[in-house]
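In the two complexes that follow, chain A is the common piece, with chain B as its partner first and chain C second.
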Partner chain A sequence: MTETTSPEQLAASAPAHLPATASAGAPYRAAGPAETSPVVLRLERVGVKYGHRSAVDNVCMDIYKNRITALIGPSGCGKSSLLRCLNRMNDLIPEAAVSGRIYLDGVDINSDAVDPVQVRRHVGMVFQKPNPFPMSVKDNIAFGPKRLGLGSRGRINEIVEGALRAATLWEEVADKLDQPGTALSGGQQQRLCIARVLAVNPEIILMDEPCSSLDPIATLKIEDLMRELVREYTIVIVTHNMQQAARVSDYTAFMLASEHGLHGQVIEYGATKEIFTNPRDKRTEDYITGRFG
Partner chain B sequence: MTVLATSRRHKRLDLLQRVVLSLTLLTTIVICVPVVIVSAYVISHGASAISWDFIFSGPVRAGRQGGFFPVIILTMYALLLVIAFAVPVGVLCAVYLAEYARPGRLLRLINLTIINLAGVPSIVYGLFGAALFFDVIHTKQALWVASATLAMQALAIIITSSREALLAVPRGIREGSLALGVSKLHTTFFIALPQAFPGIITGSLLAISRAAGETAPILVVGAIAASNVSLAPTAVVGERPQMLSYELYYRITEGLGLADERKWGLALVLLAIVLVFNMSALALRIKIQSGVRRN
Partner chain C sequence: MTRAMLERQLAGLQGDMFMMGEMVESAVERAVEALKTRDVELARRVIADDLNINRKRYDTEDKCLELIATQQPLAGDLRTIVSVLHVTVDLERMGDHAEGIAKIALMLADEPPLKPYIDIPRMADVAIDMLMSSLEAFKDRDAARARAICDQDDQVDALYEQVYHELLTHMIKDPASTQRATYLIWAAHNLERIADRVTNICERVVYLVEGRIEELNVSKY
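And then the complex of A and B:
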């Protein structure tokens, strides 16, 4: 697995144009006329089922390049399930079945011709609980590039430093590179996990409640980091914290499960400012203003 | 009544807690004491027999004098062969069962069967090994046959403990690796297996230690081998040595006057060999763990 497929190669293996059907679906196009950034991920009628339980139902969304898109909503509304579709992490759960289509740069990532390993190579993920490998700080970062054959030892040392700098962790760990990653503080561990993803240079970074186990100061650091990173990357974040979505994201999708935590759906999707100041749907308004329930 | 006042119910619970605690402590002591007594007994009776010659020279006058070097070296040799046969096969099998096999009824049945294999009487393994290797494969290498037979028996424990160790690796770190676009194969071998090493080593050690003391399979293989083939590569170990466990059995049952202290000495050597394997596994485990933490 040393050779990696570029998005262009991925695109070459399937029809490169985006299907016109979804782009006409106005409700799911979050951007106003001012948005100049291209669509990098297009979700068409995406659903997730765990056995007979439907967790996510009929989600259509466009996700824009170099923007932060937040998925918010109450527990059990299917935010994380939806996020895990975007890099085929749901493949790892035997009873999970994903329906609908997800186009990454125009390629259906669920098609038979696409290897999920290649999808994850382009769509990295940061998890709720910091999960550094039980190795040194340096090896945590070097693991991905080494296994993917991204370069010689010298090149990998450069990648390690670059990734740690990009994750604003370098200053704090420059003299601790040989110490175990698990010995860092929670916030540092999470930035280590972000640096680990940056080291393999994906296009999109998915973040599943990345700050839920962190204190407010560590949380702010991660949020600042996200604003930095979005210049180079596209970020999709799941968060419980509405203030966080309001602070960091450009676009927000509000999700809600219909009943008994089934059929999670996107109720409203739009520019974050719009969603928080002028929601169109009553349910969004109730949730945002804390009148939910 | 204030919140802090102790009710009668609380006092009863407190008493119960003390009783249960005492019971657990008592059983632990009951288990540990015999181990200490047996070890002390073997050492006190056998230590006087141990000398340079006892370990490093060959037998004189059918073992009444001289030493048991051939037996000892053969035992070490056989145990290394058991490790070489059983550990790689067992670990690879565990990797398949834990990481790749499709969960379901068939997998549960296979797992259960493997656990049950650990309970098959060792003499059955001996008969099976002898039948398989002498009658079907027609080998004449009794040492290899004995080692392979012991390895078959060790496999069940190695597979089961390695599988458990792999399943205990947190899902989070596997997902962390997969989310980088690292393949499942690399994730298994570079993330999951190193994490599972301590458990794998402990399980393998248990299995190998047991193989060291196993007598019945050696008895069967040896008895069948003795009738038509020589039991060992004579170039290395002289004529007709046995594995230590069997030698000890033979010396105890033969009734020909081998001094008691020499028998105890043999038992002590067997104990020491198992201890040596234990210690090296422990050292390996510590080295790997510190490596996992630091590297």
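And then the complex of A and C:
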């Protein structure tokens, strides 16, 4: 894998600080057993507006390193909008405005001094539908490292193999590296997209319903892969599949909008075991047991 | 998403558990009555009926497993099913204790009575009252009541102690009574175990309502 720019370098001269206590009375820490893993992302009163419409409101939460955090909630609760904040993908939506602060290893990623492209290199994203580039399997993986000038041809080949192995795809495509990425099965394409993210050696991987277009077997392969990847990376996943959140994540945040698509908030954030066996908030219980949503 | 089917199945599951509770109540009552009245026929019926209690337990367990496999229950639904699984195991064992008393009734039926039975039926009354109250607390999701029921276990323990010492005195005074007295101690011990198992049900009620396991009663025996 490649060497990365440290978040400190990334931030250049941006002031880095991590507030020690929560403000506005909102908890940062997930409820549940004490977590020993460090906080890699801190969200402080994060809001997202599309024009005048508030989609996400006052979200405060800590995301822990080498853990899988799932965002669940009904459609229109703001979970994808929140996820997109974490690597400044909302910058690409003209009317979107993000408020509050998001600290990546203590660095405010929305600071003027921070390059959004560098943020996206540190915080990669996998989308709902597999979206391989219209090029070969190998070039799909090599694309990012080449653009970032991460090494010689030989080094790039190593990166390609390493990323495909890490995405548990190497055995299946080792003899198809020159074939189009789009010729692979849906599940393989999604693992190819994960490998593409891994090739630039991110710190965090965001996944926006990564299995929603996959069959159950391909879904389980991605879930197994996530549990492997979390040894090295931090993963934040948005999923509509509550069983998936229960199976795969360490922490779960339940989001709910006060009206459809308006003022999405984190209602409850805790250890996944707690959320799915003994949620503290009745709205969480009602949602996960299918009483609404 | 509809919950109508799940709600029906959950209600059915709890209905089965309550019915099992009534079967156990009847078994304990009849077993002690058979002991008191030396009614061999009644004791035999209690022993035969225990098979129905056992069947009900396995039938309920099957339904629980089916619900878990097909509905992937979560949160309160999951805790309900897990609690029913535990409570039905306790009820089934209580049925075995009632069967044990019925067997003792058969063993003592041809023997002259040692003494009038007072404390053993009293123990049975308290244990049955505890059992039915615990199932009501389950139905009403009443953790406070479940905790309070456990205090009654001390009454049962005190009665057991009384019976034990009284029967020990009999044995010392009249060694010929040793076998009968020992049987009666077993009968009382079965009732003590029943009350103790009720406290397990109460612990499940607390788990059902509050989502945490709390040991409510550490029995002396």
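Quick note on the criterion: the second predicted complex is superposed on the first by the 270 of 293 C-alpha atoms of A that agree within 3 Å, B and C clash if a C-alpha of one lies under 4 Å from a C-alpha of the other, contacts with A are read in each partner's own complex, and residues count from 1 in each chain.
The definition used in the following text is that contacts are C-beta pairs under 8 Å (C-beta built on N, C-alpha and C of every residue); 3 or more make two chains touch, one makes a residue touch a chain.
Bear in mind the structure is a predicted one, so any value in this text is a computation, not a measurement.
*Asks:* For the three-chain model obtained by superposing on chain A, do chain B and chain C clash or fit?
*Replies:* fit
*Asks:* So in the superposed three-chain picture, is A:Cys193 touching just chain B, just chain C, both, or none of them (first/second/both/neither)?
*Replies:* A:Cys193 sits against chain B, while chain C stays out of touch.
*Asks:* Just chain B (first), just chain C (second), both, or neither: which does A:Arg155 touch?
*Replies:* neither
*Asks:* Just to be sure I read the superposition right, which of the two partners does A:Asn87 touch: chain B = first, chain C = second, or both, or neither?
*Replies:* Touch status of A:Asn87: first partner only.
*Asks:* Name the chain, either chain B or chain C, that contacts more residues of chain A.
*Replies:* The partner making contact with more of chain A's residues is B.
*Asks:* How many degrees apart are chain B and chain C as seen from chain A, counting from C-alpha centres and rounding to the nearest 10?
*Replies:* In the superposed arrangement it comes to 140 degrees.
*Asks:* After the superposition on A, what does A:Pro279 contact: first (chain B), second (chain C), both or neither?
*Replies:* A:Pro279 contacts chain C only, not chain B.
*Asks:* Quick one: classify A:Met125 as touching chain B (first), chain C (second), both or neither.
*Replies:* So A:Met125 only meets chain B here.
*Asks:* Would you check which partner chain A:Arg227 touches, where first means chain B only, second means chain C only, and both and neither mean what they say?
*Replies:* A:Arg227 sits against neither chain B nor chain C.
*Asks:* Which partner does A:Val117 reach: the first (chain B), the second (chain C), both, or neither?
*Replies:* Once the two structures are laid over each other on A, A:Val117 reaches chain B alone.
*Asks:* Considering the aligned complexes, could you tell me the closest Cα pair distance between chain B and chain C in angstrom?
*Replies:* Distance of closest C-alpha approach: 30 Å.
*Asks:* Considering only the contact definition stated at the top, list the common interface residues of chain A for chain B and chain C.
*Replies:* none
*Asks:* Mind listing the chain B positions that touch chain A in their complex?
*Replies:* Touching chain A: residues 102-103, 170, 172-173, 175-186, 190-191, 194-195, 292-295 of chain B.
*Asks:* Inside the complex, what are the residues of chain A that reach chain C?
*Replies:* Residue positions touching the partner: 242-243, 246, 276-279, 284-285, 288-291, 293.
*Asks:* Per the contact definition, I'd like the list of chain A residues that touch chain B in the complex.
*Replies:* Spelled out, the residues of chain A in touch with chain B are 1, 4, 87, 89, 92, 94, 117-122, 124-125, 127, 129, 131-136, 139, 143-144, 147-148, 178-180, 182, 193, 196-197, 200, 202.
*Asks:* Give every residue of chain C touching chain A within the complex, in rising order.
*Replies:* Within the complex, chain C touches chain A at residues 1-3, 6, 72-79, 210-212.
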